[in-house]
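Below is the structure I would like to discuss, written out as structure tokens.
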Amino acid sequence: ASGDPLGAGSTASGDSKTLVVGSQDYYSNEIIAEIYAQALEANGVTVDRQFRIGQREVYLPEITGGKIDVFPEYTGSLLQALDKKAAGGTADETYAELKKTLPSGLSVLDQAAATDQNSWTVTQAFAKKYNLTDIASLKKVTEPITVGGNSELETRPYGPTALKEKYGIETAGFKPVEDGGGPLTVKALVQGDIQLANIYTASPNIKSDNLVALTDPDGLFFPDNVVPVVSKKVDDKTAAVLNKVSAALSAENLVSLNSESVNDQKSAKAIAADWLKQAALF
Amino acid sequence: MNWVWANLDLIRDRTLDHLILSVPPIILSFVIALPLGWLANRYRLSRGVILTVSGLLYAIPSFPMFIVLPALVGTTLRSPLNLVIALTIYGVALMVRVVADGLASVDADVQRSAVAVGFSTWTNFWQVELPLSGPVLLAGLRVVAVSTVSLATVGAVIGAQSLGSLFTDGFQRGIQAEIITGIVATVLLALLLDGALVAVGRLALPWTRARKSVRAAARLRLPVEVTP
Amino acid sequence: MNIFGDALNWIIDPANYSGPGAIPMRLLEHLGFTFLTLLVASAIAIPFGFVIGHTGRGRGLAVTTSGGLRAIPTLGLLTLVALWIGIGLGAPYVALTVLAIPPILAGAYTGFEAIDRGAIDAARAVGMSEVQILTQVEIPLGLPLLIGGLRSAALQVVATATLAAYVADFGLGRYLFSGLKTRDYAQMLGGSILVILLALALEGIFATIQRVVVPRGVASTRLLVDRARPARPRPGMEPAITKGNP
Amino acid sequence: MIEFRSVSKQFPDGTLAVDDFSLTIPSHRTTVLVGSSGSGKTTLLRMINRMVDPTAGTIEIDGVDIASLEPVKLRRSIGYVMQNSGLLPHRKVVDNVATVPLLRGVPRKTARADALAMLDTVGLDRGLADRYPSQLSGGQQQRVGVARGLAVNPNILLMDEPFGAVDPIVRAELQQELVRLQSELGKTVVFVTHDVDEAFLLGDQVVILEEGGRIAQIGSPTDILAHPANDFVASFIGADRGKRALHVERHDGREVLVDSDGRLAGVLVGDAAPGQVGVPR
Amino acid sequence: MIEFRSVSKQFPDGTLAVDDFSLTIPSHRTTVLVGSSGSGKTTLLRMINRMVDPTAGTIEIDGVDIASLEPVKLRRSIGYVMQNSGLLPHRKVVDNVATVPLLRGVPRKTARADALAMLDTVGLDRGLADRYPSQLSGGQQQRVGVARGLAVNPNILLMDEPFGAVDPIVRAELQQELVRLQSELGKTVVFVTHDVDEAFLLGDQVVILEEGGRIAQIGSPTDILAHPANDFVASFIGADRGKRALHVERHDGREVLVDSDGRLAGVLVGDAAPGQVGVPR
């Protein structure tokens, strides 16, 4: 088992009456997990919060190992992580494929309308200059385009190579910025160090920094709808609670939740509580 | 400052996490380095080998260390134990040389007289060599404490909660106050542990204070004036 | 451990020795970065160390400051500075310079402090000016410990310079990050091994320099002392009698 | 009685420090080994408590071959005082004195009480008991060293240039103190020095050593001074430098004694009783 | 001639090391300042080459107030020898001796040649020239220190307990060597020691100091020995310990001199000429 350094260990609790809710080491994901947790608690479930468990490579083995009972995930990304050759497609197709790909013992509940997916993003000025709307329109750009994003972007199926092969778009180089489309990437974009960046669509920076996420009519990126991944310990009654949350969580909601975190610097707990109160679900 | 007031309990929790992560490695590295340093000091051959290897451990970048270690010792990536082991390795790397130097710094005359009045090797080590190398060991331990506290923040990147979480989170959310708080709290915590070690040193090495005053006086004995 | 085998294979794979991001280029970048960082840190720390060692004043302050600097988490500083000045090598330079200062500073002032006060006093008494004392006595005698400080700074910078790849397409750290994110552990481990080899090489170089700069007379004292205490006295063993017949 | 029988010591590096040395050291007397640097004094002394084991020959204490004794135990039964006192810098004066009794398992309280009494014996104020060695003057440290050596009430006391590092005035005091102590305690003292004056003052039996522990002369101080066995001894005791050949000169109506180098040695006071001051005020 | 006129030195911390000190130091003679630790000897000495500046009073060298001289230049014209030699550990013996000439701009070759000659003068083998100080014995190091002090052919040589750290035998040799050197060179030597014997041997003029640089007595050695000015002096020179009060005892048909502590001091040789050995072979 030691061949894979990320192999699962044995830290989570096995108590049958508590559900372990986990989250990525990412503020937006934590907010969603907190919403799940508070919703569950409001319905009489005891919750053990294990938030901020690093990136997918860290927590995925723990989920598949059954150490975590509820985890907010994103359909497309999770699918690709589980199956490198996944086909993807529309949101529903992706969701359906994900359901099939999940290892036994794990299941996903209803997906939400809220999505937080990869996008090719440029500054508004840049978009105006070349009249950019969708990804294909990047072909019109006459200046060299330097791409920025996490280093793995360079080799991803939607990365610079795909731009060239699918749309014939030439890029001038790749600058790795290892913050997953975070503030450094945004800053590099705004400062003109890079012209094209991979930024999550739910990022409040798109609005606050006047960025434009180019539309993706051809489904270059997998849709990334928010979806709870759950273990067998989640019974129907509990699943209903989470499904109710997912049904209420819209794309705009997610952006504004993120904005509350980034711009108002509110804690995940407060944001989740406010949202649940507003949505008046329970 | 507003952010700090609004998040005091978060800061407190992370500080506690951080303490739990960083105190065991400090103690462990001392305990482990002791026999290794003793060996290094005692035999010429082992000295070369032990000091070179421990020096190299320090050259391992922390990132891959955290990732590879679980594969080697069979812990989970996220387990605090993993981080504790990694930090201990760095601490030992620093401390072994210090122990060797500290033991070497013990006045040969004193050791000889200890043997002459009938200390056995074992009692000589515990009652003479170890306490007398105390000041050097303490100095080394202070460096280990400070750098361990600082290094522990890297654990945040692999999901071990610590004060480092404040700057991964602050970074993602673009809250500079949070990052700065994380850095300042780390530094304060390091200085606090450092101060605690100094205090422990004062209690455990009372004679060093006595000697200091004498040395200061001895230094005064030479009339000095820096005339240009 | 087959991943270690994979890592070695990755290192010797000829494919990694050509094109952009080839191993030799990454090594050179890493080395250059380390060198420049040490240079800047030295330019800041050495003069301070000289002043502290020479006057004997401000030592407490220096100890506390370098303790504080040592405590600053490099990753935190790196991200903070990067947020201010953007991507590129600026932030890594700042963060790693801060990392390199404490050992160099400590080396500088302990180097000066360790010099026999009597020798300096005598130099002054026979008529050396303060500048001559500095250049002819303090610097040559303090150099070995100073180089020792540079040596440990170099070790830390080489290992930590991998973080530069967080915000720039730079150095051996690239292998670590892209290996980590794409779960290509052979690449990640291979990169780490390269970092360690580079550190090893630098260790060797600095150890040699350190040996060379130890003034001959001082080196021979140390030799004498070493020979005089071949081992600790043990029951039934020969005593270490320090009196040598010069 | 300590007996060296044809003892030799060759160090691993080939140095022949002691070559076929035989000597009988009588009990309850002070024997001084005196010789220049490197003559093997320390090596000889340290063979008595097995800090050094001879490569040939045997050493007996009261008829028992010490090679058959356990070194650590042997050492705990023999007092040892060395230059720079060899005190443990991290222990208070009283604890230093009590070191060996504690090692031997004497209860802490008894050991400390005995140690305090021992401070009195060597003429140290009990108020110094709670200081650390570094807080004492060199002379005081040496007294503590002697106290430690005596703390187990040993039959044998080994002293290796114990007063070599203190300044001449204090040194003279310590020598007097040792004379007084020895007259009271009557230990078997083996004392190493390279100072002839000291040897003559303290020794009942003085052994003058050449290179390699060869014995140049054994005898009482007056014997040696009056009849140096050979040129080496004469030179060593300063006879040939004229240091000990004094003559009388008259200055300002007073007789002063001058050695043959012209150095003033003192004034002649007829038959003044010991201890009486012979210099006019 | 060096003149101290009402010189005082108060250190910044308030210590009054020297209080209203006046003294004339004659040229071409050896003046020894002797006194116990902390009496201000070093402070006085270091005021002569402006290592310490007085807080009151003036010091003149041959009528020139040294306060008007540039310190670094002044120091280069005065020889200075201190305890533990103060040699530069990273320079070879010959370069240590040549230090000041080189500072003064003497060409390297000349300076080295002169330095080698100076080694002869102080009785050191030229073969040691290329060693480092740490490779010499303590006594040899002190000789190098003296050679360095003499290398600029200074009129004045300041010596601060130069032989304080070497063992008694070597010390005696060095003292003799200095006596010989001085008889040849006739420098103005100011010598600091706390050893009365040394002071009496070397000094043409001996200045006995009390705390704060107060002068207890000035005079030639015989003057002081024959007529100690007061109890302090008598005690300081050992008269009251009976060390200098010798009487004759008979041993084995020979007259030996014994001090009042019972210590053997030597044999009485009537009117033996200086340098002649008075001990029977």
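General observations
In order of appearance the chains are A, B, C, D and E, and numbering begins at 1 in each one.
The working rule: a contact is a pair of C-beta atoms (placed from the backbone, for glycine too) under 8 Å apart; a residue touches a chain by one contact, two chains touch by 3 or more.
Note that the structure is predicted; figures quoted are calculated from it, not measured.
Any chain bridging chain A and chain B, meaning touching each of them, is among C; the list is complete.
Of all chains, A has its CA centroid at the greatest distance from the CA centroid of chain E.
When every pair of chains is scored by its C-beta contact pairs, the maximum goes to D-E. Measuring from the averaged C-alpha position of chain A to that of chain E gives a distance of 86 Å. Once the centre of each chain is set as its mean CA position, chain D and chain E turn out to be 30 Å apart. Averaged Cα coordinates give chain B a centre that lies 50 Å from the centre of chain E. Between the Cα centres of chain C and chain E there is a gap of 47 Å. The set of chain A residues that touch two or more partner chains comprises 2-3, 5-6, 179, 183. Residues of chain B found to touch two or more other chains are 67-68, 71-72, 109, 112, 115, 120, 156-157, 171, 174, 222, 224, 228. Residues of chain D in contact with at least two other chains: 37, 46, 51, 72. Within the complex formed with chain B, the residues of chain A that make contact are 2-11, 25-27, 52-55, 58-59, 61-62, 179-180, 182-183, 205, 261-262, 265, 267.
Residues of chain D touching chain E in their complex: 36-37, 164, 167-169, 172, 176, 194-195, 197, 200-201, 221-223, 225-228, 231, 234, 239-248, 251-252, 254, 256-257, 259-281. Note for the complex: chain C touches chain E at residues 116, 118-119, 121-129, 132, 136-137, 140-141, 215-218, 220-221, 224, 246.
Residue ranges of chain B in contact with chain D, taken from their complex: 107, 109-110, 112-120, 123, 127-128, 131-132, 134, 205-207, 210-211, 213-214.
Listing the residues of chain C that touch chain A in their complex gives 1-3, 79, 82-83, 86-88, 165-169, 174, 177-178, 180-183, 185.
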